[in-house]
Every structure is written in structure tokens, then in C-alpha cells.
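There are two complexes below, and they share chain A, which is joined by chain B in the first and by chain C in the second.
For the complex of A and B:
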């Protein structure tokens, strides 16, 4: 808990300009939220997985997917139970207050399965974000638009591990004094843990005054900020940015033209057509560019 | 997707309002410390099922420092704690829910200055459920169709035990420790406002 979730490994995708990384991740996320065709969602899952693999994050991805699978259970249950729009009824259940007669249709079951895939996609994209973008880089982007908010976030991010260490010290002192954190009733446990926060809060508030004085001494609030850390945009960043922008525009155009969108109700519409597959292949080739560059960067010296 | 955009807009407006405010170095430092403490609230009570001291600390901060700072404390706590625990699709909604909890505590103090200990305890209890319902919103809006009230109720029913533990934890924390926390924070907040000029 004292370490950031992000770990610097010096990989190509981690070295990208934050604007390029965020554009790529946002494109994946937007496309996941606009497409309903399971082939498209599976394709995006594959692309995300490819990037995760290039970032050597398969173990982290596994953890995220395990949590995600647990979260798909209510989707698989709620959709069939509340949707009455499906025409192919598989089971008729009792009538419940508020919900009326319970019917489970094949379309609703299929919709629940596709939405579970979408949830796994979304979770995988956030997993990618966690291992790809350093929080400081994201914060540097934010501070141009919202300096004070970025400062609050940076300070709190720095204080969090220090507070955890401080908390451990306080806990040890309490243990030496005979406080048993594992014993007692629920109320007694809450009392013990709250005392920990109380002591921590008092010492941290004192620290905040020192931080404020240090900020004041460095001319905080005296006018506009004059120094920023700038990341330079390299050719590889431009390629990734262009690939993300092209994929986003192609995806948006495709959705308007009816590609990537599947009808579920009242009867399942077709998920497969030649046009759809061509569009999917085009999108996947664009979205795979950062991973291909990463592969090239590792194995081919001409890419460096 | 529309709900996600609305959530992002609310977050942007609230961050902008903090940005436009005249926060001094002391206020920025205090908000940062309270955010880190609120983030710690997720760690300290990890052993107790869904007792989230983050909600309590965000609400106490909002009550003392006002809605804008309260929102910042709640939203920053969610973001910062997830830098260490892992960001997920839940992060923006946690930021929104904890931010609104902090902001609403500031507003309730302005609307009902004499709300008292019992009133605030009840309000903290309610926020245990509000938090759960806001978190259910992203789940419901992104993965359930048709988007009707029955589906939302079903989502809320599925999370009622978690929400109840959260609500009970909030109420217990505020009832027993809220006044003490407020007293300490008020003292520091007053210290923050003091400026000494030498002539």
C-alpha cells in the first residue's frame, strides 16, 4: 500500500508522452462504450490485452479480470430479470411486487453476456492505464488547467505513504501500551481504530501548517506560475496520437453507418457481416499500432 | 455514456469552482492533508466490512471548511487512494460520490446551522445509502437495459447489505467521534485564517 500501483519498467509504452497515452486509452474506452457488437468488444479486449502484454502486466491484468468476473454476476442476473423486451421467452417465473411477472428471455441473457464482456473490456482498459501512465505525468497534464487542484492531489499523493508509515508507528505504540486491535466488540474496535485516525489527524494538521509556510516562502499565490515541466513530443508519440485519433474517428463514423452496433430486442439482430468485419479489421490495425511499435522498440533497433 | 459525461461535467465544474476560489497556501495544504487522511480512512477500516471512514472525514471537512473544500477532500481522497489501490471505472464515480458527500455536509451546515449531533448522524447514515446509489448509477447506466427504475431498484437491492454497513459505519463514526473531529478541525481552520502583520 505504500507504493504506487504503477511501476516504472522503462518500457516503450510507459515512455510515451502522457497526451499520447491518454488519447490511446480514451479512444479504447470510448469505442468500448459505443460498440455493442460482441465481435468488436472482443477485438477491443484483444487490443487492450496486447498492450498489457507489451507492458509486462499480465499478472496485474489477471487480478483485475478476477475482480471483474465477480462484478459481472449482477449484470448477468439483473438484465434477464428486469428486461421484458425479448421475444424468445426461456422461462416464466412468479409475479413479484414492483417487478411484475418475471420472464427470462434469450435476448436478455445474451445482452447480459455481451455487457459482461463490455465490463471486462472497461476494467482491462483501466488496468492498462494503471500500468502505463505514471500519476505524476497525468498530474503534469492537469496542472496547466487546474493548478491548485493538481497541487492538492500531488501533496495528498506524497502524504499518503508517509501517513501509512506514521500510522504503523502509532499502531505499534498503541500495541505496546496494551491495545488489542483484534479483540473486543464492534464498537470497541471502531473506537480503537478511530483513535488511530485521531492521533494521525492531529499530527498531520500540524504538518499542514509547515507545508503552507514552505509554499508561502516559495511565493505560492503571488501570481501566475512561471515554471512548468514539459514532456517533449517524439515521432513515436505523434504516430500513437494519430493512430488513436484515426481509430476514434473511424469508430464514430462506423457507428453512424451502423457498424459495430447490434440490435438485441425484440429479437437478436445479426452480429456478423462482411462490412462489419472489414471495419473491425481496420480499427484493430489502427489500435494495434502502439503495441507493434512497442514490439519493434524491443526487438528491432531501427525502431529506437 | 450520457451519465458518465454528466458525472465528468459535475466533477469539472466543482474542480473549477475550487480553482477560481481564493484558496490560500494554508487552505490548499489543509485540504491536501484532509484528503490524505480521508484516503487513509479506506485503509484503516479495511478489517471492518464496508466501514468507510473516507465518507465521514469528507463530510466533517465539508462541514467545517465549506462545500468547495469538502468536495475537493472527498474527490481527491478517492483519486489518491486509487493511485495506490488501482484506478478503475469506479474511480470517477467514487470521486463524485465522496465529493458530493463533502459538499453536501457544507451545504447542510449553511441551510441548517443548528442541525446538531443527532441530525448530522442521521445525515451521515443517509449518505451511506446515497454513496451506494451513486456507485450503482454507473453500473446501471452502462451495463443494464432497459434503463428503467425497476432495473435501478434491482441494482440497489443487490448492494443493500454493503450500503447498510457503510451507512451504519458512518452513523457510528459521527455519533461517537464527529464532534471531536469537528472541534479539532475548527481550531486549525481558525488558525489558518489568522494573519499577523508587523508594522
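For the complex of A and C:
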């Protein structure tokens, strides 16, 4: 579980101003959601992977992707079976109540595969956020707009790993007291795990009072607050911000012009055109700038 | 001028019929170091919260009397203003840190005070520099050691630049070396920066000598108050344990000047004992550590055990250990030395990466058969993690039901032995911390195990509770049960454990009888051992010293007086 959380490694991408990091991640996410062309989605996947690599997070990414596969496989199976919009029928099955005749069309198979790729993109972007942005820095940004929500999120982020460890301790204690988590019926197992959560909740409730008291003692809620800002915008942050903004605007303009969008039903539209590829190359070059700077920061002194 | 004046303060927590404070009157001068001692539930922490303005503001309840800060009633003061003047550091660093990163945590209070950015930058930098926290900058709080977390908590209070700092058992979670470092910082704050310090503490040997004044509380009342020496004399006369061992020893001997530190105590011994030339002989006898081990029929033995968690760093390295029936062993070591991990390996909760574990001669496999066969009782650090059932009795019944053991009257017997009979139908979470600890211990002892493993069992306990626990554990050992305890409490280990094992960076660096190991150790040693080193061997506790040194000392004291050497 520890691998899934942020670890400070002092890397270039981790040192970016949170505005730049969040702008880059948001751009990736928005483009993933507006593009339907598999080449574009694969390109975004590549850019995300490049950043993950620069953040020395390939092992973490692998864990995220493994989890993601559990979600994508059902999509790829179920979508072709329930979608009837495709015109190129590959297989006709029996007729079932409610669903009618089961058909598998090439368009539905393709659509399921592309949507799975999009889901993997989203999961990868989430992974990138996790390993790239220090939670406190992100909260600091959010504090400008919604202080209380940011504080709750910050507390949750701080407490979550501790709660996981606490849950493990409680489970060990139950083991020593004779609770066999592997034995019993499904209902009995549910009961055993419910007990763990029950103890955790009771202890957390008691702890929350102490945390609130410590916050109260440090004048929390005593009036208007100010914000402690540690991060200043550096040239590298400006470049990354500009690259993200340019990629977002280019992507939006391209979508309006029909680039990056593919029609699936009733028949597959074209996925490849020269214009599309030019646009994709332009986008990828913009989105690769943070990774390129990161590489340069490490290996080329002129980038510093 | 007093910084605090507490006048006739009484206080009841909400829904409580018993007062937590009864008619308290005390004043604290500016720049003073006040140590507040007393047993569990004596009202020390409540008094600290009264001074910090948390009682009744945060807790509610019934409050009477007045608390003045520099002549102004605290209850009439704006909370922001009060926080600027009075800071409070709590017991558990885990439960007072709200941010994920140290620098942000230190700035949290300053943001709440609404300070401008430039001022915050300066104060955060100053607090970090003063407490030498540069290395934790940018690091996740979750990844810091206990000592570092407590220093961050102190820095976050210090950055608010309060005139008075109140500390509620701030070192209860720290190992002896970290605790020493923390108290040195507090001392600097008091001496070099003139901060008023009010310290609530149970382990007095660590801090008694730092205080200008000591106040002792009992049942919500202030019963003794005065200079440390004065309090030491009065405590001994009143039969109270709230003084450190060195002071207790000399007060019990009837010396007119009661020392508060090891240095002062040694000064007195030097004046008296050279007449008997005890130095050389005793130095010789406190020599090398003899390894315990050539016994047969061990309860548990570990052979060449190595262990690492997921992060690959080895937590235990080449551990060879045998524990025998009737043995009471204490494992000491710094935070992160691998003590708790070793205990979990012994409980069968973790399986070694390499090496073998034998329980009563049988090798243990991968799936923790030890605890499944109800042969091990394991008490983790937090007793609350055991409390699940609605009553104390059900808590014990839960364990035996899981192991399919019939209740042959064992629950009743155990409740009686552990003084829990009167609470049998109460919800365990409604009990005091000491009682919760006993319920948790009973819930694992009910299976009649052969090996009892305890992780920091004395945390937050006062002298009386510790004595009761120590005697109970001694009783278990006399019935051939084997007790292994992880602790930071060297005085407790010296008092009750027969064997001491010191762990450092995952390796056993010392293993022998308590007298040998603690008598020879520089840091893992009791106050009495440090004071008597070179004068007499095998002294760890006040009782040891009374037996060995007292006759000699009183005789030589008289001689010294007669010869005008005193």
C-alpha cells in the first residue's frame, strides 16, 4: 500500500510549483476526456508514462495498471454484448429476455477497447498525480478557494496511512485472540472484518477529539486566516504552465475542428489522417516538455 | 509578577459527578520552570488545560474560580490573543499534527493567527533552526521518527512565540535518548529564552532537576508545592512516590541536602564513601556481561533470524535468542531498533525472512501456529485496540470462545486476580487508562498461555499502576510463565525484569541479567546505577542502594561530620 502514496524524492517534477503540476495533470485529464481517437489516447498514455518514468514511479504505475485491468476487462466484455449500435455484426447469439438477441459488432468491440484505453489513461493520470504532487502543496492551492474542505482533505491524507497501519495492528490483535479470518462462512467473515472497522472507528473517534483540541490550542477557527506560501513561480514552472495551457487550447481548438475525435457507430469512422497526426505530434511535443525538462535537469547542466 | 494566577479553581468534566480539580490555588512566575507531578487521574492534565484556556472553553463542563494571565482573566481573553501568549504541546505527536509536511505544520498556527507572509517565513525558519529541523523539511510527517514528530509539534507551538509553554507528558512515547534531547531543548527554552515552562510528567528522573518548583497533585488537589528539594523531603515523609530515585534515596536516608541530579548525588557519595575505598573493588565487579543461555527447555528460541518489511531494509539482523520458563525479560532500544518487530516474530504474527523460530522445541511454520495454539499472549501498545465488546466479562469470553475453550471459572478467577471484578459488567471503554490496560491484558491471559509478550505496557502509567503491573507480572513468572516486554522505561525494567536485552539497529548488542546490562550501560541505565557506579556494584534501584549502601553511608556520614569533612 505504501507504494501507492506520494514519496518525496526531490525530483524535478515534484519540485514544480503546484499550479504548474496541477495545470499539467488537468490538461492531460481534460484531453483524455475529450479525445476519442485511439491514437490520441495512446499518445496521452505515452506522455503520462514518460512523466511517471521521470518520477521513478514505474513500479507504482504497474500497481495502478494492474488494478485498472480489473475494470477494463469487464468493459471490453460487456460493452460488445449489450451494445446494439454497431452495423458490422461479427457474431449472433441467442435471444435473451430483456436483452433481446445478443449480437457482437466490430464497432462495439472497438469502442469497448478504446474506452478501456481511456480508463487506463485516467488511472495513469491519477497515478501521476499521486506520485508528482505533494498533498500539502495541492491542499495549499485548494485552500485559496475552499479552506475547510482543503483542511479535511489534508487531515484525511495525513491520517490515511496511519489508519491503514492501525487497521493492520487491530487485525494482528484479533488473530492473537483467536479470530481466524480465513475460516467460516461469508457472513462470519463479514462479521470479523466489521469488528476491525468498529474498533478502528471507535479509536478514531476518540483520537479526533485530541486532534481537534490540538488545533483549537493553536488558534484554529479564531478568526481570519492567512496562507503560508512557500512556492514561488520559477522559469521552469512558467514553461510547464505555458506548455500545459498551449496543449489544452490546441486540443480544444482541434476538437472543434474535428481532430482527435472518432466516430464508432454505426460504422467506424477514420482514425488516421495526415492532419490528425500533425495535430497529435504538436500536442505530444507540448505535453512532453515537463518530462524533457526533467530529463535535462538531471543530465544537462544548461537546463538548470 | 506572576504570569499565571489560579484562584480557587474547581472543575467538573461534562457528565461527571467527580471533580477533576478541587479548589486549586497556585501562581507561576514569569520565566519559571514548574513541574507538575501526580498519579493517573490526579488532575495534572486538566490543570494544564485550564492554564492553556482549553478548559472549559473546549471541553465545556462546570468551572468555578479564576485563572489570570498577567493579571487578566483568561476566560475574558480573545482566543487568538491567548494562543499568542500560551502554547501547549500534547502527549502523542500523532494526535496533534494535522498537515502532511513539517514546514506546513509549523506554519499552521501562524496561519490561524492571521500573520503576514513575511512574518510567517521568518518565524518558521527560526523555529526550524532552533530545533535543528532542517533535515525534516519537505519530508512527510508520517515518515518521521517519534522524536522528530514531537520536535515538529514543539516547533509549531514555538513559532507562535508564546511566553508560556505547557507540555503534557511530551516524552511518554520517546526512547530515553530522544527524551533526553527533548528535555535539553526545553531547558534551553527556559534558560536561554526566558520562556515560562509548565511541564506535566510521570517519569520524574528525567526532569526533576530541571524544575525551579514542583507541584504534586492527588485527587484533583494540589497537595505539595515548593522547591524540588523541599518537595522531595515532603514526599518521602508523606510516603509518596513522586520524586526521582536519587532524591528518594537521600531523602529516605535523612540527609539534610537532598540532591536532584546524579552529579549532586555522586558529590555526596564522594564525601562519604572514599573512607571505605569502595571504588576500585566495585568497578572490578561490574565488569563484563555474562550471556544467559546455557539452560535447557526454553519456551521460545530464535536462531539466526532476519526480517525486513516491504521497503527491503532489514529490521532484524541475525537474532539469536532463547527465553526460558519463569524468566522476565525486558527488551530495550531506540525507536526503530526492531523491538516491536521482534516481539511480533515471537508471537508468530510475522515470519522471518531467514532463520528459524522454535516454540517449546517445535519449529514454527509460516502461518503463525504459535498464537493459534493459544500458547502466546500478546499485548500491543494501545490497549484500546482490544476493546470491542460491551462488557469487560464479554471481552474475556470473546477470546476463549474463539479458541473453543470452555469457561471453567477462569474468567472469574482472572477478573479477581486483576482487580476487575467490580467492573465486570461495565463497558471497557468507560474505564480509566490503567483499567483498560488490565482488561486488555486479561483478554489475552485468559487462554493460560506459556509466553506473555508485552509492547510498552507502562506507557502513560503512574508509579502506583506500574508497581501493580510489575508485581502482577512477577507473579506470573513465579508460576513458570515467561514474560518478554519491550519498553523504554529503564527504571521499570530495572525494578522487575531479571534479564535485559538491548537491541540496536536490528541486532542484539547486549543480553544478560538486568544488573549486568543496566549496570554497565551508559544510557540504558537507571539513575541509581549511574550515581553508584564506581562506589558499589549491582545497584539499580533505591531498594538495592538501601540494602548495600545505606549502612555504610550513614556510618561514614557521621564520621565525616565528626571529622569536619562535611
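The definition used in the following text is that the second predicted complex is superposed on the first by the 234 of 304 C-alpha atoms of A that agree within 3 Å, B and C clash if a C-alpha of one lies under 4 Å from a C-alpha of the other, contacts with A are read in each partner's own complex, and residues count from 1 in each chain.
We adopt the following convention: a contact is a pair of C-beta atoms (placed from the backbone, for glycine too) under 8 Å apart; a residue touches a chain by one contact, two chains touch by 3 or more.
Quick caveat: nothing in here was measured; it's all calculated off a predicted structure.
S.K.: In the overlaid three-chain picture, which partner chain does A:170 touch, first (chain B) or second (chain C), both, or neither?
M.R.: A:170: touches chain C, not chain B.
S.K.: After superposition on the shared chain, which partner residues are touched by A:74: those of chain B (first), chain C (second), both, or neither?
M.R.: first
S.K.: Regarding the shared-chain residue A:267, is it in contact with chain B (first), chain C (second), both, or neither?
M.R.: In the superposition, A:267 touches no partner, neither chain B nor chain C.
S.K.: Would you sort A:178 into first (chain B), second (chain C), both or neither based on which partner it touches?
M.R.: Once the two structures are laid over each other on A, A:178 reaches chain C alone.
S.K.: For A:99, decide between first (touching chain B), second (touching chain C), both and neither.
M.R.: First partner only, chain B.
S.K.: Given the touch rule stated above, what does A:187 touch, chain B (first), chain C (second), both, or neither?
M.R.: Once the two structures are laid over each other on A, A:187 reaches chain B alone.
S.K.: When the two structures are overlaid on chain A, which partner does A:155 contact: first (chain B), second (chain C), both, or neither?
M.R.: Both: A:155 reaches chain B and chain C.
S.K.: More residues of chain A are touched by which chain, chain B or chain C?
M.R.: Of the two chains, more chain A residues are contacted by B.
S.K.: Looking at the overlay, what does A:205 touch: chain B (first), chain C (second), both, or neither?
M.R.: After superposition on chain A, A:205 lies in contact with chain B alone.
S.K.: Once the shared chain is lined up, is A:257 touching chain B (first), chain C (second), both, or neither of them?
M.R.: So A:257 meets neither chain B nor chain C here.
S.K.: Of all the chain A residues, which ones make contact with chain B and with chain C?
M.R.: In chain A, residues 2-3, 6, 135, 151, 155, 157, 161, 198, 202, 207, 211-213, 215-216, 220-221 are touched by chain B and also by chain C.
S.K.: How about chain C: which of its residues touch chain A in the complex?
M.R.: Contact set of chain C toward chain A: 52, 54, 57-58, 78-80, 83-84, 87-88, 90, 92, 94-101, 103-104, 107-117, 120-121, 124, 138-142, 156-157, 160, 310-311, 344, 347, 349, 368, 371-372, 374, 376-378, 380, 382, 384-388, 398-399, 401-403, 429, 443-444, 447.
S.K.: Note which residues of chain B are touching chain A in the complex, please.
M.R.: 1, 4, 15-16, 18-19, 23-26, 28-33, 35-37, 39-41, 43-45, 47-48, 51, 53, 57, 72, 76-77, 79-89, 91, 139, 142-146, 148, 150-151, 153-155, 158, 169, 172-173, 176-177, 180-181, 184-185, 188, 191-192
S.K.: Which chain A residues qualify as touching chain C in the complex?
M.R.: 2-3, 6-8, 10, 134-136, 140, 151, 154-155, 157-158, 161-162, 166, 169-170, 172-173, 175-180, 195, 198-199, 202-203, 206-207, 210-230
S.K.: Any idea which chain A residues touch chain B in the complex?
M.R.: 1-6, 33-34, 64, 71, 74-75, 77-79, 81-83, 85, 98-99, 111, 115-116, 118-119, 122-123, 126-127, 129-130, 135, 146-149, 151-153, 155-157, 159-161, 163-164, 167, 186-187, 189-191, 193-194, 196-198, 200-202, 204-205, 207-209, 211-213, 215-216, 220-221, 264-265
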